[in-house]
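For reference, chains read A, B and C in written order, and residue numbers begin at 1 within each chain.
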Amino acid sequence: MGKLAHDSVLLAAAAALSSGIYTASFADDMTLAISMRSLSNPYHATFARGGEEFAKSVGLPFEVLVTEGNSEKGLADIRALIARTGGNVCINVDPNDSPDAATIVEEAEGAGAYVVTQWNKPDDLHPWDHNPNYVAHMSFSGVGTSKEITNALIDAMGGEGGIVAIGGILSNVPAIERKLGMEQAVADTDGKVQILDFQPADWNETKAFEIMQAWLTRYGDEIKGVWAANDSMGIGALEALRQEGKAGSVPVTGIDGTEAALSAIEAGEMAGTVAWDPMWTGGMGLSLCHAAATGAIDVAAEPHEHREFYGTGIVVTPANIADFRTRDASFDYNDYWAKSTGQIQYQ
Amino acid sequence: MQPLLELRKVTKEFPGVRALDSVDLHVDRREVVGLIGENGAGKSTLVKILAGIHRIDSGSMLFDGSPASFRSPRDAFNHGLTMVFQEQSIIPTLTVAENIFLGREQEFLRFGVIDKRAMNAAAEVELAKVHLDCNPATKCASLDFAARQMVEIAKALSLDGRIDSDIVILLDEPTSVLERQEIDLLFEIIKELKAKASIIFISHRLDEVLQVSDRVYVLRDGAVVHETASTEATITGLHEHMVGRQLDHEYYRENKQRELFGESVLSVRNLTIEGEFRNLSFDLAEGQILGIAGVVGSGRESFARCLGGLLPPSNGEILVDGKPVRLNQPHQAVLAGFGFVPSERKSEGIVTGLSVSENMTLAAGDRFSRFGFIKFEQERTECQRWIDRLRIRTPSTKTPMQSLSGGNQQKVVLSKWQIFGSKVAVLDHPTRGIDVGAKEDVYELIREMADQGVAIILLGDTLEEVIGLSNSILVLKDGEVSAKFQAPVGAKPDQIELISKMV
Amino acid sequence: MESINWRALAPIGVFFLLCIVIAIFSPNFLSVSNAVRILNASAIPVVLVMGATFVILMGSIDLSVEGIVALCAVVTASLVLNDTFSANLGFWAIPFAVLAGGIIGAANGATHVFLKVPSFMVTLGIGFVCLGIATAALGGFPVRISDRGFRALTLGRTLGLPNGIWLAAAAVFVAYVIQERTRLGRYVYAIGTDEITARQSGVPVERTRILVFVLAGFFSGLAGVMAAAQLGQGHALIASGRLFTTITAVVVGGTALSGGVGSVLNSVVGVLIVIVLTNGMVLMGVPPFVQQGVQGFLIIVAVTLALDRRQLLVVK
């Protein structure tokens, strides 16, 4: 019925638009959608796939909106989608920029659509202030997970020595949080581990490659470990080490859990990464949204820790990579908070 | 009476060259002074000193009795010395009024906003002085070349009454791009201007200089070699002073004119470009020179550009060696055997950044390369041969084109088509803006080309030139052939006959 | 009586000055191993500027660099032994990838010439199309190269230098020969300086323009191959940031954006300046917040020195 239902929604929407009349209810023909930055990186590609899997499981039409890093485009697409569906839509959105979240919630409230946000939102925007349309906000603890992966790096170094650290775009929230977590973990060693240098490489592997080269000149064998704020930059640094025949002899960590990083861990060339499980954020975000829209849960009655919560970031190291590969990644769409690691804390 | 502008013992040196050597020159109030000299004689250096582009090394310049040293053309302008150059300083995207008052909008500012109505009204006054009947609000791009020249002069005249001092207007080759009627109009205007301003008139056309000036200076090798009242001078006399030698043979090399031609090369049948010219038909044989006469708007420029592949014909046929050719693109024209020498030498004839030899072989790339790789030695030898033959003054084949004088640049353009082996040379004002000596070299080359069997179509700089060089002449009027003249040596038509068919 | 054009040597002066300043603060800079690292990091940008220089000399611009490099890197990674597709062409993947670059370049040139769209817009659009294809073909995931032998293309060493440097040197040689010794090279200068005259002289302007974009496509394709070999993968974002380096290097090297003036050798120096700047900034420990500002400032200084402003009446 999926295809048929989808078509009839479009026809109805077209008819409504042409006659200038909006009808708020379309019975069961609800549209599910995901909005995010781009399809050209593995995290978001998987995030979209997670949403699609859920849509298949409930047999509803599914759409992907891409902002291409442009807030205006992201908002315009969401507006168009809400208008087209007459508000009968659930959107799991990773806003391009924090302020966008407020506008999206406003739009959804006005039209009766349901929204779950990921990663970015203003600190003073809360789902419980916008019942029932703003269902929930999901994120990951940047500081906490970064601290964990840094500890894994320090372990791989034997607990002491100098590290070099490659950061993301200096103004990005995740970049700031991850850097903070790394610094906290290093501070906890009481001076046994020192940060030799910190350089931002803007999430870019080529830049990380060039910076790593310069560090090899500046510090040479002083470098006992390399910390990178994401896997792409970690791989860039690793390839710079490989050029000098040092791949595998200096531990490197990343964050994101990309296939490239996981393989490098298996090959003994990387010391760890953090897997976010975007299948879960994509699928569960929509599931929660759908549950609120259909009345399966009453969001107003749910506690705050069910409205703003952290997901589970899994620290993957050579020690647990085999287990990670064989783990049961499936999850129950109706067990909404099974993977929550607590209510979001503001710094 | 104190002269308005005076140069005393002005000397200017450039590395290796003394461009001006102790030049004394003065311009009285309400006087027209002619300034002539071959290219390289120092005229342009003198102009640049007056404009404040160059500083004098020694000597002094007095304006209105007090020592003057202008910092820039704009500075000179503000002091009352204004210039009209051959390369126009009109900006095509601005209106006539905006061009006239460019940089002096202050006068029309009302609360920081330009009062366009007032500016246009003021422009009307200036345009009336040059008898140019056009709306000051039109964009200059829509004006023809001659009209733009008039706007330029109007711009210079706008100084009159706006500053305290008397003004000097310097006209640098103002007639080279104008047609006869426009030149007559310009001379009328100059006569009127004399009531208000002094004028320095620079031209290659000695007859014009004599006609319009009160006094004439002749420059040669950076020095004033002759000064005379116009009433006492003759063209021949001035010419001798300019070149420093007597005319040793006939100006247009009529003794070398061919009277027998080879095979027919070019046949044009009912050639038409809508709105430009209609039903043009003629045949041209190897070694024959066909002059095309006509006023601006007669269609002759469009016809030349059509043969250059720049204006596709809307109707009719062009046959080269009996075979029809298509001329929709310049390179089709080149391949069909046409060598087009454009009137706009600087913008269309030469590539300034490239060297002499690179310009010479630009069209003949195939001959000087194998598998796309250039055969440098062969290229150099061939170019050197042409440099020697045409007496092109250049230190080497590798010299950048922009460091050559206009006449020498034109010789390079002509040699480009000779090297390529064009069958038909289309010469659109080949001697425009070059000095007498170089002109003679170009005439010599045209005769040589004819001797080698090149068919030549000539749009002359002057009617005299067309008559002197051509074997036969087509006169165009309003896009149609109004007359056809034979011009064998000894039985050349005279200018009056041609003009009567032109207008 | 030909005199040396000191302006043309300005970029070299800037380069040496930069090296001296960095060496004073950080003696390690002058080590052989760092020199090799700088050359290695320069290899891909050098290949890219070879094409970009011709395009800019012609007075056009090529903004599709990142798109072509990414797509060709994906093609390369997909044709050698990899984790996504079943192909194992080994080094035979190279001609395919380079050819792909040439075809995209031809699309750039043909669209630009036949539809008379400014190269700025055409190449920007085609670049996005390439990124789109690379993204759609892989669904956002990278193709990872499992062929160790293939990666020797950049990881291996010959006569002590990484192979990537040799590849870049070969690219420079080819480009220099084209620039100095062929009609194509001469036509590029003629068109860049004065297209009207070149056209009137029968220079096949349209064909030359297309050929130059094809040439640029080949170089971008080769850069894509090298990027894939260097990072061991191909994905849509592999070339991000390359466009800025490429255009900056060409201009810093003294090639005028208005066309007609410059040389591929100048651009090599331009790349070295940009790369040494990045390297030196890390070596000298310039705080990250200041780096971008310093970089921008030094680029303007370098360009100012390289341009002969006396001849420029109008700067756009």
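One rule holds in what follows: a residue touches a chain if its C-beta (ideal position, glycine included) is under 8 Å from a C-beta of that chain, and two chains touch if they have at least 3 such contacts.
None of the values given here were measured: they were computed from a predicted structure.
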Report the most central chain, judged by the distance from each chain's C-alpha mean to the global C-alpha mean. C
From subunit B, which chain is the farthest off, judged by mean CA positions? A
Whole-Å distance, subunit B centre to subunit C centre, using C-alpha means? 44
Using Cα averages as centroids, what's the distance between subunit A and subunit C in whole Å? 34
Could you grab the centroid distance between subunit A and subunit B? Build each centroid from C-alpha atoms only and quote it in angstrom. 71
Any chance you could list the residues of subunit C touching two or more other chains? none
Would you mind writing out the residues of subunit A in touch with subunit C in their complex? 38-42, 44-46, 167, 170, 197-200, 202, 204-207, 209-211, 213-218, 232, 235-236, 239, 242-244, 258-260, 263
List of subunit B residues in touch with subunit C within their complex: 308-310, 330-331, 333-335, 340, 342, 347-354, 358, 362-363, 365, 369, 372-374, 395-396, 398, 416, 420
For subunit C, which residues count as touching subunit B in their complex? 1-2, 181-184, 186-187, 189-190, 192-194, 196-205, 260-261
Considering only the defined contacts, which subunit C positions touch subunit A in the complex? 26, 28-29, 31, 33-34, 37-38, 40-41, 83, 131, 134-136, 139-142, 144, 154-155, 162, 227, 230-233, 235-242, 275, 278-283, 285, 288-289
